[in-house]
């Protein structure tokens, strides 16, 4: 096509290719979800419909990008981890972040009615960012950080809403009651006051949701230590888990994760 | 809330605040829209349903962010121009780009059924980027670039599809016929061969769509040269146009645009 | 030349081209100059030998880069302002900052013995940074900031060292005496206690030093509003000043500065 | 100190902290050294005075920054490798690059007369850049790249200048003679035509110069796998080498290098 004399303005775009050979994490977060949850009368402390819709949207994102090795989500956020050699969009930060965020949003809105009986009363939206981790151990710490955060928040919220709903406390009273309490105190409140054993709460609430790519049963291609072709990547199976990923055992039982992440 | 020992990983996030006192343009583009248009049997060369849906989504974005002064869109892309003093999200690039892109996507999917009779057969998505322009003249050149591009593409596509649909040419034959032709040649083909006067084509196709914020009738607050409060910004009216913005007259007739952009 | 299999590591370098059409300011600062001044028995509060050596080094930098329009320095720092269209090193930040900083250092060490009777007892060094200003008014404010800083520091230091040297106060006593004083108080201390009229202090101490490029006498090429060729730039004359640049008059009397900066 | 109303311009500075836990390499290169070598009548193909002056300047830089683990230089360039946990200047890129470049320049000019009988006839200067390597293997490949480059250039230059000086060829004739030759051809030319066994050329020319930090004799603190205190780092001894660093043996014989780099 012909060019115009205005073409020079393209020169104001800046290169934003991410450092090679580092793990790219793209995390998306709900914008103004506090208000959004009120408008749509979410169950407290967890609304399983929304969590499953988030999971559905995440699964669609994972399916779309074969270089995503693992995704982790809880509440209104999701993190997507890419294998460190990915060349998608030449590793351009804006393209990666905005496309993931857009596709997630698209899937969230499109699938809303499969999870909710009420129609959307306002538009949900998300923001995103990319963070680079140069080593497998810092990447693991990132994921542990998010899951520890899920645990801390969920224990707090479970106790807070027990005090509010069953204990008939006001917002302020519940906050006061929880001020300065440690983990054991909250377990104790739940158990002695409301007969709730926190350990029996649903795993999805306590641990969040993990998607991984894994070899199909009997297929040991990843243990061979060679890089996977695009075709081979497509044969990987997506698995959904609600388990602890902080302990070493998660990674030892799934050696293909580190192998795939490092390619 | 309590912190975990993994908290240090936050230190890997990088600051991405955009240079102050520059015009921020956020442009979003459809991802893989060629395939998307085929799947949804778009009219050629322009599908007015999709263009109006794009416009609807853009209007929602403009309404949401009161610091957007002007938006310009055609085909599967839209550019949003922010006043140069905007402090939204502390001018953080990822937040701005991803949120705009996400909200646009959300609005696009949510409103699909208002413009199309057929359901979505695949998920639409967009990517986005931010570009900075330090002067009003370079910003005008950016917008002129996009509108000139719209014109060039639309003239080509109009002629191409006339050759294909009415002229019964194959893809390759139409491409061959257009190779090396200049603007006047295409006008001539359209007129002599198909009786189409290109100048009579719909303005939305030829010029794209512009949204601006303008003072309500009789309100001259912007001519006072003082900065608008958030409250005053909300009183501004959003206007939709399909006109030439390359010539000086567009800007001379709307002096409030430059005033607002510069605040 | 032949390439090696290690060549791929070049791909880890990142593009750092600075935004076009913005004023580039490169400021260098002495590293650890407090210790350096003690080792070389600098006069207090100002050592004119060092200031003139700084000026000499700055003049060499200005001479080398014909796109530098103005330089401003005081104490152990210097700022170099480039015309906004400069394409030197494709505006690559690292190249610009490091080369300016290196050449300044080279000139400083090389010319040391022309200004000091004593040999260098330790190696002087500088660090540098680039800052972008998108408008002429923000650039002027940058320069005003540095000159206001020079004034504030010099008034403080002049009073502090009068108290120390003539007033026989200890460091701590002088600091105590100055705590909470405003500008007028310091003028008063200097005048009533030490008979020093601050206004009669050397202009170089109070205002710092400015280098500008200006047309040779009788040459009005810059008023023509057209861009200068490289050849014409070389005909410009470098002028050294110790005057106020905060007031409008400085810029009004030198219209070629804005003209040259904007090309 | 008091602030001025211009202070806001500081807000235009951007954060440039380098990604944590990656190896920082700062490479400096002579600016316009081709001309500089002519002005100072450098010996061809290698001027040992200049190489030793470069080494002297590099040693001063290594001594100054205790987080530099290794430096490699040849011709008019030097690369400095920092341990991956360094927090110097909060890892701010401009500060690191400009200060290293400035100190190197300072040392080069200051020590000139210790290596050259003739005075400086023009000012030497350098530019610099930072490159990040996320893994030890990519860092090793970087260093191998520079040493392979040294070898390729030195073999070419040695042969070229033998043809020029002993073979009495013109520039063009020597270039023609070498066009298309591989390594073995150049060895053969040197040996059969000029009786030069390339393998007997000085190691500094063929391998460049390496500085490393190593434990003092008998001190095994680095093998303990714990991080070194600042005090311990100062006890490390700087070693100068002209050896092959591409082969594994270099690293196997010096296990403390990887240990120190990784802290």
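Letters A, B, C and D mark the chains in the order given here, with residues in each chain numbered from 1 onward.
In this text, a contact is a pair of C-beta atoms (placed from the backbone, for glycine too) under 8 Å apart; a residue touches a chain by one contact, two chains touch by 3 or more.
Worth saying up front: this structure is predicted, and the values here are computed from it rather than measured.
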| item | value |
| --- | --- |
| Most distant chain from chain A, judged by the mean position of its C-alpha atoms | C |
| Self-contact between copies chain A and chain B, residue sets same or different by half | same |
| Winner on C-beta contact pairs when C-D is weighed against B-C | C-D |
| Between chain C and chain B, distance of the C-alpha-averaged centres to the nearest whole Å | 44 |
| Rounded Å distance between chain C and chain D, as computed from the means of their C-alpha atoms | 31 |
| For chain A, residues that touch 2 or more chains besides their own | 12, 14, 19-21, 132, 138 |
| List of chain B residues in touch with chain A within their complex | 1-2, 4, 6-10, 12-14, 28, 31, 60, 93-95, 97-99, 101-110, 120, 123-133, 138, 141-142, 144-145, 148-149, 152-153, 156, 182-183 |
| Touch list for chain D against partner chain B, complex | 11-12, 14-15, 17, 19-21 |
| Chain C to chain B touching residues, read off their complex | 19-22, 132, 134-135, 138 |
